[in-house]
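Each of the next two complexes has chain A plus one other chain: chain B in the first, chain C in the second.
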Partner chain A sequence: MPIPVEALLKKKEHFERGPHDRRSEDFHHELFELEEQGEWIVQRAPEPIVPVNTKFGNVKKVPKAHLWHHKSCGQCGHIPGYSTSIFWVMRKLGYDYTDPRDQTSCTAWNYYASATSNAAAQAAVAIRNFATAYESGFFPLIHCGTSYGHYKEVREELLKHPELRAQVREIMGKLNKPMVMPEEIVHYSEWFYALKDEIAAKQVRDFSGIAATVHPACHYYKLVEGDAIYDADVYGGQRTAIVTGVAEALGAEVRNYSTWFDCCGFGFRHILVQRDFTRSFATLRKIERMKEEADPDVVLTHDTGCVTTLDKSQFAAMAHGRNVGVPVMSEAQFAALAMGAHPYKVCQLHWHSADYRPLLEKMGIDWEAAWAEFQQDLKRLEAGEKQYLTWDDVG
Partner chain B sequence: MSETIAVIGGGPAGLEAARGLAELGGSVVLIEKENFLGGTPIRENYAALTPHLESAEVAMGRMIDAVREQPGVEVLLEHTVTACAGDAPEFRLTVSGPGGEREIECGGIIVATGFEHFDPGRETQMYGYYEHPDVLALQDLEAMLKEHNVVRPSTGLPPERICFVQCVGSRDRQIGNEYCSKVCCGVASKEAIEVRQQLPDCKVFIFYIDMRMYGYWENQIYWPAQEEYHVQYVKGIITEVLKKGDKLLVRGEDTTMGRPMEVPMDMVILSVGMEPSAGTRSMSRILGIEPNKYGFIEVLNPPLDTVSTSRRGIWACGASLGPADLEDCASSGAAAAMKALAFVRRKTVAVG
Partner chain C sequence: MTMTNDRSAFYKNRQVAGYADVPFEEKQRLIDLVKADMRFPDYLYGCYECGICVAACPSARFYDFSPRRIAQAAARDDTELMYQQMQEDVWECSQCFSCVRCPRGNNPGGIITVLREVAVNAGLASAREALEGYSRIIYKIMSTGTQVSPDMLQPDAFPDWGPEVKDVSDNLDMWRRALPPETLHTTSTGWDVDEKTLLELYLIWFHTGALDMIAEVDEGLHMILQEVMEERLEDAGVEV
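Right, the complex of A and B next:
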């Protein structure tokens, strides 16, 4: 029975994970069991929900509204347009949220820079934030990929170690906060993925001429790998679907490159103490390969550290005459631009290092006029009319 | 009570068991789910058998003819076992086939339902089997070798550089397949030799963790592959296969050099391991015999009793027990036949 090449190709068209794949265990069973035993409160994801598929076939619930924005220190500090875009898009789609003033850093920066304290302290910080969200009645939405990956690991540790739960319970007791674990730990890029069709429905700028490369964050899909979105319609379900799903929904052309799975090189510890390593990695292994093989108009990613390093490492390589020079932004900023957001007031691209102006021109945005508008607003602030711009100023 | 022995599965082990039983004057019903005998070597179009490179079809053909020639063997093609009632030595098997359902009374049962090739989509490493047309598995290459038509599926042209990646789905604690699948090093090396024979200008590489070709395979395959056919063995784990231009970029760690490596290839062949087949899993459920933690049939008293299952009157052989080569299949098939026949005859004598 000879097998032609077509038969082999047909056989490989579709992958379906079988029932006996041992890694399909759903952590929710243990989560709810511990609630029944009185170990903690599981904060339920509020309706309306969008169900999405994860790597091993379990369904994840992504709530559309009533979200508690767990912000990113690196975004608020260095890429403020990233956070603003997330809020702006959520407002445009009409979903309610709260922007808490009493959130703490997840402290995962600490952890990844090898300067961390101990497992109980790390876990207590997480539970404290979750408890604060629970008390507010809103459900946590995590802005940073590193916070998200770290919180997933903390969840694993707490599910498996009763002695750790006991230590954290004692700390929560001192803080007078309940032990709370949300039903799902949801990253903002999962919210964008779940709502990509609603976002595309509000698109006003044409992205059909825009080519993008996607960099998926290690901390999103390599930590607790089962809990990450995979979609049979995106990369045939073989690679994580976030960011790419959104870019494609907006009509952009997503191009491939041979270092897709590589880390951006941010590194936490070595961006502090061995920054040439970070810059070499980001530019030689990621940006140069993207430029050589895909020649994109923009690089899209979904984590604070990734945007930071891919964008801000390029100037150093440029000084050495390397083949760099492509704008980098989050898919949140990209989606916001698609929906008509102001490139400076909302997306705050003036904080970015690699030149984004050719991209804006390709999107049909008159950045000079936009900059002039922004300058006008700054003059109003200088004149003392108000302390800072608010949502009323951005439209 | 019946002295008939039911053999479930008509692959190498089942055929050996059935023939052996019949030659000893036993009465056999051979139940096979496909519409042909020969098992995986025939279903997956194996080209040549390791290590002597005899055609799989010819070798299996001999086994099949030997069974067909025996008057004591009733062959039921396109049949599956759907239920089992009773206890040894009075089992009542329900089989389902094109003609409908039927009950078979038998004194003993031999499970020979074999294995399935590991599906590379399950793997944690990023090999892109379902993304890149030029990434194939061992059995895919067997089919091409049998046809003497080894080409890149993406272009239809012969490859200039082809590599094998060992231990895909085996020796992997992450996915739970902690065992070595035994034959893949030998089979990959054999296929490498065949590729070099069919495409003398093609460079062939094998990326391995350890090369496991025990016994006589050392000199039958391992050395000829290198000395005669110039297959290049590189020690190192491959982690990703991506597309770069019109080639595949194979990335991993070169253990000997102690550094990462990236090598362009035209085709990548994943040496996929063995997992219990759906038939093995369902037989263990239906017949009530204990599986081991990997889903293969558990043997009661290893290593000297290789075929007795947790249930009296039921034996297992071949790859239903775990990764097996053809010698294992022939040997365990014969061992199961011997024990099953001795069992039913003792029972008959005792009753008489």
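Right, the complex of A and C next:
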């Protein structure tokens, strides 16, 4: 019996997931029903909105402006150029936001590392942050991939379990905060994807000679898999479209490699107290594969843990003569560089480990001059001319 | 030929694994806590041993660890095996949730989260051992509201991350002041968190019992935290 090769190949050309998939159930129905029942307030995504497609065909609303930046511990603490680039790009595109001091960590790194928490504590932390955003009038934008995936998990648990909602409501009562769930939980990389054309319109550096590999964060697309952006024009809709969509819009060549779906090896607990696992996995399954198969100029990803793991794991591996040595950054920093951002004042690449200088040279950036400029700024701070570098200083 | 119910060959030797055996009733008590957790029914729908989770699992590559065995033990209600896993296996999981590509919709990583919580709450030595060196993170969260901070980047803590760690540590204050975002000028916290917010986080952990778990992980830390935070709450006029 002949194999229907043509029919099979035709299916691969354009992959469609339909509403018949049981996983296509749209959580918004339950979300708004609970609001009608008085269980919580659903904070609506403010206009202007960019509608994007998600895995099983549901449309997600990504607001462009009026955003409450829910920051990432690891980004702000260890790779602050990442957070800085997110703010910088948003400022350049002219969209208003707030950078809150009344935001706690999502505490999900701790939850996944040590389990020294429980469902109620995690849900209460999430709702407290959401309520605080709601009270400010700005809509939450989540910086970290794990915060994002975890908050999606929390949303599922709250939608499903009235007893959890009751527990959290009691705690919010003690804190004098309302029960609030945003209409969408939006990751910053979804904002970058939704605005990729506006970002590309402001591009001043030519990235046509830059080859990139993309590493997607597990917690972005594996947790609550239906709520992640998929685009028929990116990987034929077979892989999540964030990061890649932005890199391609900027003219970079995105190259494939065999371990695309693998975790980076962060491990939450492992990266802190059992790092031999993290760096072994990151080296053997990700960086070496990328180098052998794709030879990229840069590795792009969209999560704190992934940037940290893939960047920082290379030094020890190099000492063992492994095939490593490729710079790692977020697509936010990549986009900022494309838009003319200073590699040190904005992208803060001096906090990174793997050598990024060859990449900057390929981008046509004189990094020596840039570093000298940054050193000048540091001298001014040291001399007490000003206390901090400001947005006006970085261009 | 006689059939035997002696299944001792299936389990790792307890003395080799390094923890003393406990009565079956105690194991059952702990496993019952796992199964009673609100999240448990969402994480387990029955496993048909396809092994897709193992293929996707990063920890399975380096450790004698299998998300399939986790799901199988739970699905078969195998108290002995689940207890052994709680003692020996659960801390190897990297919590990436690649295993959620399970065609049945199981979540072995999620089952592990619950197993871990029960282990911590029960004060198991294996849990304490796995979290040795980790409690500084818990202290960081509770005292600053963020999980990591720039001043944690010390060369002796991260020697394998390369010479840039020393550069950060040597220049920390200046490099933080050279960050445009106004909330990032901090060194002992990820970003600037206001006092009220910090107290709210503490109260959440207090009211949900998460604080009690810290006592099981590190009693000394728990005492310090309690003292420090209760003083701050008193200063703010909040009664607990």
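Here, the second predicted complex is superposed on the first by the 383 of 395 C-alpha atoms of A that agree within 3 Å, B and C clash if a C-alpha of one lies under 4 Å from a C-alpha of the other, contacts with A are read in each partner's own complex, and residues count from 1 in each chain.
Convention: a contact is a pair of C-beta atoms (placed from the backbone, for glycine too) under 8 Å apart; a residue touches a chain by one contact, two chains touch by 3 or more.
For clarity, every value in this text was computed on a predicted model and none was experimentally measured.
Engineer: With both complexes superposed on chain A, which partner does A:S83 reach: first (chain B), second (chain C), both or neither?
Structural biologist: After superposition on chain A, A:S83 lies in contact with chain C alone.
Engineer: In the overlay, answer first, second, both or neither for which of chain B and chain C A:A121 touches.
Structural biologist: Second partner only, chain C.
Engineer: Tell me the contact category for A:A65 with respect to chain B and chain C: first, second, both or neither.
Structural biologist: neither
Engineer: In the superposed arrangement, which partner chain does A:Y112 touch: chain B (first), chain C (second), both, or neither?
Structural biologist: So A:Y112 only meets chain C here.
Engineer: Considering only touches as defined above, state whether A:F261 meets chain B (first), chain C (second), both or neither.
Structural biologist: both
Engineer: Per the contact definition in the header, classify A:Y235: touching chain B only (first), chain C only (second), both, or neither.
Structural biologist: In the superposed model, A:Y235 contacts chain B only, not chain C.
Engineer: Now for A:L93: first (chain B), second (chain C), both, or neither, which partner does it touch?
Structural biologist: neither
Engineer: In the superposed arrangement, does A:E225 touch chain B (first), chain C (second), both or neither?
Structural biologist: both
Engineer: According to the contact criterion defined above, which of chain B and chain C contacts more residues of chain A?
Structural biologist: The partner making contact with more of chain A's residues is C.
Engineer: Can you pull the chain A residues that chain B and chain C both touch?
Structural biologist: 225, 261
Engineer: Write out the stretch or stretches of chain C touching chain A in their complex.
Structural biologist: Chain C reaches chain A through residues 37-39, 42, 56, 58-59, 61-63, 91, 94-98, 100-101, 113, 116-117, 119-120, 130-134, 137-138, 141, 145-150, 152-153, 158, 160-164, 167-168, 171, 174-185, 190-194, 196-198, 200-201, 203-205, 207-210, 213-214, 217.
Engineer: Please name which positions on chain A make contact with chain C in the complex.
Structural biologist: By the definition above, chain A touches chain C via 71-78, 80, 83-84, 87-88, 99-105, 107, 109-121, 124-125, 128, 132, 149, 156-157, 160-161, 163-164, 167, 170-171, 174-175, 177, 218-219, 222-223, 225, 261-263, 265-270, 272-273, 275, 277, 279-281, 285, 312, 314-316, 345-346, 348, 350-353, 374, 377-378, 381-382, 387-391, 393-394.
Engineer: List the residues on chain A that touch chain B in their complex, please.
Structural biologist: 1-5, 8-9, 11-15, 17-18, 20-23, 225, 235-239, 256, 258-261, 293
Engineer: Which residues of chain B touch chain A once you look at their complex with the stated criterion?
Structural biologist: 42, 45, 119, 121-122, 124, 126, 128-131, 133, 136, 140, 143-144, 146-147, 149, 151, 153, 156, 175-176, 240, 242-245, 249, 281, 295
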